[in-house]
Amino acid sequence: MNTLIFRTVAPYLSALMLLFSVFVLLRGHNEPGGGFIGGLIAVSAFAIYGIACGVSAVRRAMKFHPMSIAASGLFLAVLSVLPSIFFGQPAMTSQWLALPFLGTVIDLSTPLFFDIGVYLVVVGAISSIALSLEERAD
Amino acid sequence: MAATKTTVDITAAMVTEAVPLADWLLVAPVLLTMAGGAISIIFRKKPQTQPWIAISIISLVILSNIGLLTHVLNNGVVTMVMGSWLPPFGIAFTADPLGALLALTASIATLCVAVFAMNSIAESERRYGFYPFLMMLLCGVTGSFLTGDIFNLYVWFEVLLISSFGMQILGNEKVQIDGAVKYAVLNLIATTLFLASTGLLYGLVGTLNMADIAGKLKAFDGSGPVLGLAALYFLAFAMKAAAFPVNFWLPASYHTPRLVVAAIFAGLLTKVGVYALLRVMVLLMPEGRDWLATLIGLVAIATMLTGSLGALAQTDIRRLMAYLVIAGIGAMLAGIAVGNEVAVSGAIFYSMHSVLIMTALYLLVAFMFQMSGTFSLREIGGLYVRTPLGAVIGLILLLAVAGLPPFSGFWAKLLLVAGALEADRGWVAAGILVSGLLTTIAVGRLWIFAFWRGGNEHTVDGIQALPIAGSAEASEISWSIWLPLILLTTLIVLIGILPESMMSVADYGAKTLIDPTAYIGSVFGGSR
Amino acid sequence: METLFAVLVGVLFAGSIYLLLSRKLVRILLGIAILGNAVNLLIFTAGRLTRDVPPIIPVHSYLPVEATANPLPQALVLTAIVISFSFLAFFLVLGYRAYQELGTDDLLEMRVAEPKEHNEPPLGY
Amino acid sequence: MNNRVFLMNLLLAAAWGAVTGSFTPLNLIFGFVLSSIALFLIREQIAFRDYFQRGGKVVILAGSFFKELVLSSWRVLMIVIRPKIKLHPGIIAVPLSVTEDFEITLLANMVTLTPGTLSVDVSEDRKVLFVHCLNVPDPEETIDGIKNGFERQILEAFR
Amino acid sequence: MPLFGVEATFWALLGPFVAAALSPILAKTLKHNASWLLAIIPALAFLQFLSFVPGLAEGQTYKASLEWVPTFNVNFSIYLDGLSVVFALLISGIGTFITLYAGGYLKGHENLGQFLSYLFLFMGAMLGVVVADNVITLFVYWELTSITSFLLIGFDHLRRASRRSAVQALVVTGGGGLALMAGLILAGYQGGSFEMSELLNSGDVLRESPYYTAIFILVVLGAFTKSAQFPFHFWLPNAMEAPTPVSAYLHSATMVKAGVYLLMRMHPVLGGTELWMTVLPIFGGITLLVGTILGIRQTDLKLVLAYTTVASLGLLVMLTGTSDQIAIQGAVLYLFAHSLFKGSLFMVVGTVDHEAGTRDLHRVGGLFSAMPITGTAAVLSALSMAGLPPLIGFVAKEVLYDGTWYTTNGGLWTAFAVLGNAMMFALAATVAIKPFFGAKLKTPKVAHEGTVLLIAGSITLAVLGLVAGAFVASVGHQLLSPMTSAILGQPFDKELHLFPTYLSPALYLSVATIGLGIIIFMYMDRLRVIVADVLRTIGWGPDKGFDQVLEAIIRFATTLTQMVQTGSMVTYMRATFTVIALMLFVPMILTGNWPKLEGLGSLHVYEWFIAAIAVIGVYAVLTARYRVTAIVLLGIQGFAVALIYLLFGAPDLSFTQFMVETLSVVILALVMTRLNLKPTDARSSRGKAFDISIAVLCGAGISMLLMSIVQLPFDPTLSEFFTQYSRTIAHGRNIVNVILVDFRGFDTIGEISVVMVTGLAVLALIRVRPKSNGNSNTEKNR
Amino acid sequence: MSGFEAFAADFLYACVSIALFILGLTFLLIVYRIIKGPTLPDRIVGLDLLVVVAIGLIATVGVGSTYTLYIDISLALGLVGFLATVAFARFILNRGQAKDFIIMQEIKDSERLEEQE
Amino acid sequence: MMSAVISILTGIMLIIGAIFAAGAALGINRLPDVYTRMHAASKAGTLGSGLMVLALGLYSQQWDDFMRAVATVCFFLLTAPVSAHLIARAAYVVGYKPCKETTIDELSVTKKTAEPDAPQ
């Protein structure tokens, strides 16, 4: 929608929403949120950006084809199921790695990567839907 | 994150002993196909490499499934709990002979379709997902066969369903869209019913692991809402399996997608419904099954008759095949209705057979179409002269679907009839036999029309020209079409002539279904 | 408490089924949307209801301080919501394409796959 | 990288720290990285100007805005609980002195959130803001209110 | 002792299948001479079976078994006694000649290889039927004979009549086979074994079983269809569409006798009952008469033979049905004689057809001089068929009269037999005498004697009939008595003489038969006209009936299918939900498990509000006039549900529901942006009422089921586990999220698969351009 | 706990209850407008407000249950609510420009209503 | 003590917020056309829920929670007028007429017949 007001506001909103989506993704393990909700928020961000600035702008912004993003998300999720094979544990047994970094300890874990996979799948697939629907208008 | 509290007794929550690597065979098919689907989406701009990705992945899946079946046959029911969480808390993948056998068969059928599709799916349709859909479909199907958790089963159902939607519309023609609407809406209702039933079941027993459910439902002894739930489950899966009178979606849609797609649909989808019926009605809710036995029997007979009569009523050979799918479903339902070991093993054998034969038959239709350029029973003809090998393959497949010896379908039917007679349900046996006769008529007609008929015939009124197959030369039919057809036909003949191995698997499968001790024992490590 | 929501589930089901029985594809799509909510609420209710307390463990504790809502049905419903959302998206686009290709959203007019004139099967041999 | 973009990036990083409730260096760096990704994604649409020079004026602007917002809500409340609502609404054209997209947008939004007015549209040539008013006994008065109120404050704050 | 041991029989059984595989290759290289090579295989099999004869004559039987499907007690077992060996000898022996004959008859035919292949398949199947001990194995072979005969009958597949006959044979015999399968399984269960040899030792178990009638009916159905008993007789004459070698083989020696074989085989356990002794003779007798009468009408020599075959089969069934020792001995003799003369006669007719170019009764005559050997074979065989001494046919007739005369209802059976045999006599004369004697008629081709391949069989079989007659005592003792014993289930060895040793009733009956036969022969032409007139007046027969039934089935199927599969989605949905409503209520009604309406008092006011909003939201969507409005209204109930999640401690759910609800509406709006909908939703008020009641019933059903479940105590074990270990082991405070990514992560991985595939599917929906917008039926390259 | 603190707790509880009650009524009012319409924009304004009020309700529930994590939901809801409104506005615009039957009908109806008044 | 004061403050903010929300709801029911209704929704509604969110932020007495509450409110202030603008503009462009009491309409004079932004 080509209105000055909306076009001016939308990019900032989108950026904020993207930030917020990552926030929601990362704290999902402890508070409400997680990959799916985070992903949906990110999709909303892209949707607003797309409605304001056009589909091609979103496509350029995303750099990769949304379905590729989704597929790599699924691939990441599958990968995060596998590490336990090296420890004689059943599939998907979570592995935790605490990395000290700049005075803080970062917890890297397979559930985290799994959730990131979920996030990417949702972002990719749903925005692919929205974008292709938008494009069809031409 | 905070360190683990020292007082926690991990052994009360998790499996702590090392699991054998062979147990990973349980999840390998699902993970392989899922990764394969993802990879081939990433490669979607390269339609030439996609088939090879799919074929290698599916071949790996077949190998893995062979390994799994061997594992199960050697070691009994195998269970792996995801995330190491003790059952019934984590999701368990449990392979019994039924699941392992069907998973293997399904992957073989999928491979055949993957090869067949190389020359029959347009590039744009590959680009928009034929092979990813195919792999994700297999993922959903094998996931359904191997999971030991009822909600997880629902999830795999949905995976295969959405993949099938994707395949159904591939091509975007009017007729496909129309078929897809009916297919999709009616199937959605079925899975929703499944989900609702699962929610109710959870509310009733508070658990989702199937072994756990089987144990807990025993306490209800068929009382209260259990029977209502059994009825709901039966209906949900009967819809999925396309049983009468909720089979509308199948004839309305199976003739619309690409034929390779129809082939894999006919091979896999309804069988998943039958599998679920076996799993839920026989393993989980035997009281419900007993209570519903007569109803299931009637539904089975009605389904068989709908299928075989429907097949007789068709002009379009694709639709004819669709009705044959339904007739087969009726036969499997009959096994469930009878419910004794012989009949259930018959149903298992039949499902295995049905996966192969229905896939093969649709590939045969595709082959016939390539040769003749028509799907109409009125127009088709002259194929025997064109391709005697094709005619022989066609005859074998059609006789096999009618359940005549010495092909795979015969043994399944034999077991079903024997089971019904053993259980004193002659009427079920009669239904199977009558439907078999009608099917024989239908396929006999199809074969004589398509293959024998054709050319100038001397009739009373003079010389009448009958249809002769179209322009394609038999030699033009590429190896990618012959190979899967011949492979499937060989399997069907081999299983027909040497049925013992399959028969013993089916029998073992029936035993583990009817007496859930081994299944439950495998999940809970013998602790119950 | 659950009883009211059981009734509500019934209402949602009834409403969605009424829509599903409609002739118009768009109404069927609406029915599908409501159907998803109905079944999700059913699962949620079947897992029994607890007011207010979300199943989240406080920062300074290893276990919840008080009895929380049942987390498992929530997880199940979450999965189900996602799936039904995906399906709804697919259905919406399918409906749109159906309208586009078939020129109608009236189911009685969608007779391409199964045309009204039935082709009688050939008799004879 | 453009300095202003960098500033924006820092601000977003700070917002990240605030929102996540942790101002550890790691979290701030992480926030910075995230916000640069977010800004990268919308890179085509942002053309920053030096809007943040007059912080004080901005604060004044914000203050008066919040006051007006509360007042406006109150007035709506008063109108709707009146037993009989008597209104003379209308759409008026407000000539604009602000020229930048950002300023126009800010003005329009503020106008919307304050008593009795609601921005409907900006003319193609960006010279006129069309405002819907709940009560327009005298359009000129309303226009003056906007031009001498928010518009002036915006000009002061950002020029 | 057998030539190569009992186990060698398995090789004999395998032989024809190997030959079937070799035939196409050999026929390609050796042309018709391949017959010589291929005939060795059945000949060897014949020798193998022949080597059992001495042992059998001493009362021995032989068994061997290979494991096939041990899980279901199906063995590849063989049982060799008098009955099976005689049949096996006939099959392999005549098969040898037929192989040769086929080479001659189809000389130069491009599909000779295929034909021989089918023929050998058929032979292998037939051998299997008679030697199989396991009833399931027997059945497998049984159906295999149906399938191969389908292929053989339809060999000339470009002719409609061939195809029709092939289908008839398949449907009738295949259908009967299905009944047989049930019968055999039942018999197996009742008798406690699937091995025929063990069943035969089970004494009266089957006869006394409550399932006796069922078993009897099923087995008899199988036998009658295969052996072309009235009213299933029609397929057999139609099978004459097949090339003559096929007719000769199918209808003389083998396939059609499979039914007779089965009845004889099962006689010890099923026979002797009143049911048996009533049903079999009646149907057999009727078949005998029907066969001969219809035979009289024919002018095609081959068809005449075909109808006499029907008649002979009727006679055999009748005799078996008497359960009388002598009658059965007569049946055995007659079966043996029939195989020889009918095989020979078919080959004769085939040779005539092949050489003279016609086999019309009225167009051939005086061929003897041109075809002396064939003529001799014809005369000899005809004599046997007519029951004249010194041929084996005569002995058979004597013995069978001797048998029937003394049984209960013997008068009736004898009358059947005499009448039938008399007509058979006349027909024999017609077939054998007419073409070769009398005035020489001009035939389409100038007749010459056939080649060796063509005549070897007919003359050999004919001479064998003579030889067997001459040495009937020894043949009887060595070969036929063991067979009779096997049928009777007890030792039986009555000496046979070529000429009657005393003036028995049989002799008088024979004389009467011949006299009657001569009269019929004299009035043959007139009779033919009369029969034809009568049949024309009736205007209907089972043959026509078959077409009508088939047509009726197809029409019925079409109507039914159209009724069920209406093509209207609305009907499908209504039916589906009706079934759902039924499935919800019927269990509740039957189990009486109704829930109570309770616990409404403990609700907060705002909870009522939210529930009310949900209900209003749904109602608003239902009653919205326009679909566009309905879309906007859709959000209300979604929001209410989200709020319910929120109020009951499910923030994640609420969160997701809000997001999803909004995005659904967004996508809906995106989609709807492009639809230009006509406004009405025309449902008739009756339709509306129906829909409302179904919807309400379904809703109420689910509601009540849910209520009755939530009113039971809940087992929270799982959730307690998750709560306990969510943070301690899985390191997450949000239990729901930990369940999603860890405890039940496999649900989630499936769920995201769904999401990903949805993305792709939508892309495919939108992007793939249809190749044609027409009917895809015409579209190529699928 | 001092008397004042006890009073404060009671007061808060009462406030939450009252607020929830008011919000419940508010919902009903908004729903009434959404259903009544009469025009599409009216309904969309109603939906927009519904989201806004839902945010308030979430906050109130958060206070009532002492779970502050509800703030995030409020924020997310604000985001997507905006998106919904945008989408609807666009929908009206596009359909209106396509001379959608129903929108034209609504405009005509509203004009007629005006004339009648 | 501190928390007691905060509790009371929270309670008051909640009530006021709820009243504003109710006012907005009343407004959209009582005002004559979509344009006037939008006034109620965009102002009172935003303020009402903003107050309630702030109340929650305050009540938590956590710095990060409060910051998020503030962020939420800011976000509302950013989006609410844009929403109102978009709906009003769309409604106007499409042709929904303001109510009859509307005295002047300066937009109708300048409004072009053809909308500049065709759907993208």
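Think of it as A, B, C, D, E, F and G in the order they're written, each chain with its own count starting at 1.
Quick note on the criterion: contacts are C-beta pairs under 8 Å (C-beta built on N, C-alpha and C of every residue); 3 or more make two chains touch, one makes a residue touch a chain.
Bear in mind the structure is a predicted one, so any value in this text is a computation, not a measurement.
J.: How short can a path of touching chains from chain A to chain F be, counted in steps?
T.: 1
J.: Check every other chain and keep only those touching both chain D and chain E; list them.
T.: Both-contact set = A.
J.: Of all the chains, which has the CA centre nearest the overall CA centre?
T.: The most central chain, going by mean C-alpha position, is B.
J.: Is the C-beta contact count larger for B-E or for B-C?
T.: Ranking B-E and B-C by C-beta contacts puts B-E first.
J.: Averaging over Cα atoms per chain, report the distance between chain F and chain G in Å.
T.: Their C-alpha centroids are separated by 10 Å.
J.: Distance between chain E and chain F based on Cα centroids, please, to the nearest Å.
T.: 70
J.: When the C-alpha atoms of chain C and chain D are each averaged to a single point, how far apart are the two points in Å?
T.: 41
J.: Just curious, how far off is chain F from chain B if you go by their C-alpha centres, in Å?
T.: Chain B and chain F have C-alpha centres separated by 48 Å.
J.: Mark out which residues of chain D touch at least two other chains, giving numbers and ranges.
T.: 15, 19-20, 108-109, 119, 121
J.: Taking each residue of chain B in turn, which ones touch at least two of the other chains?
T.: Where chain B meets two or more other chains at a single residue, that happens at 1-2, 5, 14, 34, 37-38, 41, 82-83, 151, 155, 158, 162, 165, 169, 172-175, 181-182, 185, 189, 196, 200, 203-204, 251-252, 256, 312-314, 316, 376, 445, 448, 453.
J.: Mind pulling the chain C residues that touch 2 or more other chains?
T.: In chain C, the residues touching two or more other chains are 20, 42, 45-48, 52-54, 56, 62, 72, 76, 78-79, 82-83, 86-87, 89-90, 93-95, 97, 101, 107, 110-114, 120-121, 125.
J.: Every pair of chains that touch: which are they?
T.: The set of touching chain pairs is A-B, A-C, A-D, A-E, A-F, A-G, B-C, B-E, C-E, C-F, D-G, E-F, F-G.
J.: Enumerate the contact residues on chain F facing chain A in the complex.
T.: Where chain F meets chain A, its residues are 69, 72-73, 75-76, 79-80, 82-83, 86-87, 89-90, 93.
J.: Given the complex with chain F, which residues does chain A contribute to the contact?
T.: It is residues 1, 6, 13, 17, 20, 24, 31-33, 37, 40-41, 44-45, 47-48, 51 of chain A that touch chain F.
J.: Considering only the defined contacts, which chain E positions touch chain A in the complex?
T.: Touch residues, chain E against chain A: 651-652, 655-656, 659-660, 662-663, 666-667, 670-671, 673-674, 730-734, 736-738, 740-742, 745-746, 748-749, 752-753, 755-756, 758-760, 762-763, 766-767.
J.: Residues of chain F touching chain C in their complex?
T.: Going through chain F, the ones touching chain C are 61, 64-65, 67, 69.
J.: For chain D, which residues are in contact with chain G within the complex?
T.: For this pair, the touching residues of chain D are 15, 18-22, 69-70, 72-73, 76-77, 79-81, 85, 87-93, 108-116, 118-121, 123-124, 128, 130, 132, 134, 136, 139.
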